[in-house]
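The next part holds the structures, each set out as structure tokens.
Next, two complexes with subunit A in common: one pairs it with subunit B, the other with subunit C.
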Partner chain A sequence: MTASTDQQVQARQRWISVLAKADSEQLQQLWQQCLMQLGAAPDYQFIRKPESGLTMLRGRIGGSGQPFNLGEMTLTRCALRLESGTLGVSYIQGRNHQHALLAALADALLQQDEHDLIQRQLITPLASQQRADREARDSASADTKVDFFTLVRGED
Partner chain B sequence: MYVAVKGGEKAIDNAHALMAKRRRGDTGIAELSVEQIRQQLPLAVDRVMNEGSVYDPQLAALALKQASGDAVEAIFLLRAYRTTLPRIGYSEPLDTEAMQIERRVSGTFKDLPGGQILGPTYDYTHRLLDFSLLADAQAEGAEEAAESADSKLAVEVEACPRVLELLNKEGLIENSRQPDEADQVPGDLTRQPISYPADRALRLQNLARGDEGFLLSLSYASMRGYGDSHPFAGEMRCGRVTVELVPEELGFPIEVGEVQLTECEMVNQFHGSKEQPPQFTRGYGLVFGYSERKAMSMALIDRSLRCEELGEQVLYPNQDQEFVLSHSDCVSANGFVSHLKLPHYVDFQSELEMIRRLRSESVEVQSGDNATEQPEAEA
Partner chain C sequence: MAVVSDQLIAGFSDPVQDSQTLFRTLLKAMSEPGLIRQIEQPERAPGPLSLAGWAVALGMLDADTPLWLSRSLMQDSTLSSNLRFHCQSPLTACAAEADFALALAAELPELASFNQGCAEYPDRSATLIIQVEGISDEPDWTLTGPGIESERGLTIRGLPQAFTEQLIASRRRFPLGVDCIFVCAEQLVALPRSTQIRIGGA
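And now, the complex of A and B:
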């Protein structure tokens, strides 16, 4: 794999992650705004209609040892082809078919001319929301940080 | 042998309608929504996801609503539903070290890198009923929480490396893998039934979906003396972990979402064997959601089931993998116990006849005995 395709793959991994972790309602709202700027809804053909199933989650023994099967998680996937021939793919936790469809459409558009528009209107706001949510959780946890001390401290 | 029965359709329909009515309760009281259950009874939802073995909080909340809050019935519903869905591959092994920590405590090390974070917990509460919850007074608490979040915006949680491996420079705690060990494909008991002896990966899969009460009681017994267990909670962490998988059509890993997990590492005293020096050995628990009791019980039983591998004698039920693994599943256990409620008329009739026959035979024998004894008595 050349350096540039490596970078392309990494960029695609990033937006796929943002789309998958997005709140479905926020994704839907931002998508409506994208549609207004695109002028028309993109034409596409399904390669695979949104389909829900289960993926088996694996853990590792002791956290870092041999893998084991922990339990399943619901997952929805979708694949489609734009008129231009670009393929869009999505794998989304949960059972929301609309979410999977929009994520696959966005994945396809992000690989062609519409990249900058979708990146700006969809991925950037979704990513900043996810970052803010994460920081809020971190902040709430940090408030409960504790320093226990033993009554007789051996090291003193 | 069970002989099928027919009929009763009308009565069964009416019984189900009555159950639905009872589930709804007083219609003068607002109906619970699935989202309310998911948001406000999250620990019940987590238990259903764990033993139902499907991570989907909405489905688990729906199952709880449908089951009138009966965890085992809800777990059964979720297990039944999962059989209707296709399997879409396996995830990459979850990286719990990269967890976004919401809670992390250690019972063995006071000062650990990243610190101890209590997170949301019922520990240290006085277990006094809070009668203010009887009134609709929850709004105040919510405002307070929002304020404290605002005032502390830029606080960061430091990286939290895994305690046991970090503090194992002296080699006093066993490693979870050898340096050059390659990953093996673990067995999957949803595809292939367990055969004994089962390896550790398969045992952990069984324990992760095992009944919380069963595992809790067994682990309690192992600490009380029915097992040679002297455990410490090395580390317990709760938080969010990203799920990655490699779709065939892409060929590279992608992130598909996040799951809430609880992980527990127990350390146990081990006096050593012919092959191994005295050291601390480890038991591991990993479960969905906030489920500390389950994670700890799983870790304790994981360790007690390693007795043969560590050259210890199997003396108690919690060390006997066939005993533990084949009785841990609440759906199986509930099914077998509950089936006794079904009509066993033919079955019971035959036993009834057998008892009658035995009785009449013993009466005959007795009266025969009496007949022979009688003359002697008279003599």
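And now, the complex of A and C:
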């Protein structure tokens, strides 16, 4: 795989991640604005209609220990093909089928000429919102951080 | 082999309803061996596979059913991409490990290379989905056994002579053996291992 396709893969992973974690209502609002700029809703055909199911989340203690099953989560996935032939896929948390559909549509459009528009109008605002939410959560929990000190007990 | 996204086609338009309909069709076909059934969905099939073959794959295969493909089907990237995407079944190169086998009639290996089940668990045998050139109810074969009142005629075109002989001989090992589903265009017909085959008309 060449360097440029590696970068393309990473860029796509980033926007798929942003779309998957986006707030459904905010995604809907931003999508309506995108539609106005696109002119018409893109034509597409389903490869896999939005379908909900459960997936097992696996974790590793400390990121490197033995894998264990953390628990199951609901997930909705969707795949569709635009008129132009581009395939868009989405996997989102929860069971909002409309969210899965929009995420797959956006993924397909981001791979072709509409990339800049969707990136500017949809991905950038969603990503900054997610960053702000995370920072707010981190700073709220940082206030409650406790450092434990132990006295040296002279055992060594 | 990775999934080639350009070649993916749509599966069942209504996955729940259509797989139940397919399962029901297959159940009828298995319980009345030799009766030819028509499938209604899907509308397109990938690569060289027939509509009925694709319908059986969509309805029956999942991540827990190792699948064996005959040579030219294995080499067809459209088919393997769609099987991976829609069915998620692991593809195996070893016929004996497969729960399902999807094969063109002309490329069938020896029948003995498929899993025939074991005496304790005869139900663990393989199910063969065989794409043939034609299916009709002319009495080229005469079938008898459970699900057939007296006897029933069936013609499968394009099945190698050697495979037919092995299939007839395999009935002596009952309850071991494989179940076959023959597919052609939108038609399918099932021959479970309990059906006796006699060459020639009544």
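Convention: the second predicted complex is superposed on the first by the 143 of 156 C-alpha atoms of A that agree within 3 Å, B and C clash if a C-alpha of one lies under 4 Å from a C-alpha of the other, contacts with A are read in each partner's own complex, and residues count from 1 in each chain.
Here is the rule we go by: a contact is a pair of C-beta atoms (placed from the backbone, for glycine too) under 8 Å apart; a residue touches a chain by one contact, two chains touch by 3 or more.
If you're wondering where the values come from, they're calculated on a predicted model, not measured in any experiment.
With both complexes brought onto subunit A, simultaneous placement of subunit B and subunit C is permitted, the two fitting side by side without a clash. When subunit B and subunit C are set side by side, the one touching more residues of subunit A is B.
Note on the composite model: angle subunit B-subunit A-subunit C, taken at the C-alpha centres, equals 80°, rounded to the nearest 10. In the superposition on chain A, A:79 makes contact with both subunit B and subunit C.
When the two complexes are overlaid on their common chain A, residue A:124 makes contact with neither subunit B nor subunit C. Residue contacts after overlaying the shared chain place A:8 against neither subunit B nor subunit C. Within the superposed three-chain model, A:51 lies in touch with subunit B and with subunit C [touch as defined at top].
With chain A used as the common frame, the shortest Cα distance separating subunit B from subunit C works out to 5 Å. Across the two superposed structures, the residue set of subunit A contacted by subunit B and also by subunit C is 51, 79, 87.
Across the complex, subunit C meets subunit A through its residues 5-6, 8-11, 13, 15, 85-86. Note for the complex: subunit A touches subunit B at residues 9, 13, 16-17, 20-21, 51-75, 77, 79, 87, 89, 91-95, 134-150. Put simply, subunit B touches subunit A in their complex at residues 49-50, 53-56, 58-59, 82, 85-94, 96-97, 100-103, 110, 115-120, 145, 148-149, 152-157, 162, 164-165, 176-177, 181, 183-190, 200-202, 204-205, 208-209, 239-240, 242-243, 245, 247, 249-250, 252-259, 263, 265, 282, 284, 286, 288. Those residues of subunit A lying in contact with subunit C across their complex are 45-49, 51, 79, 81, 85, 87.
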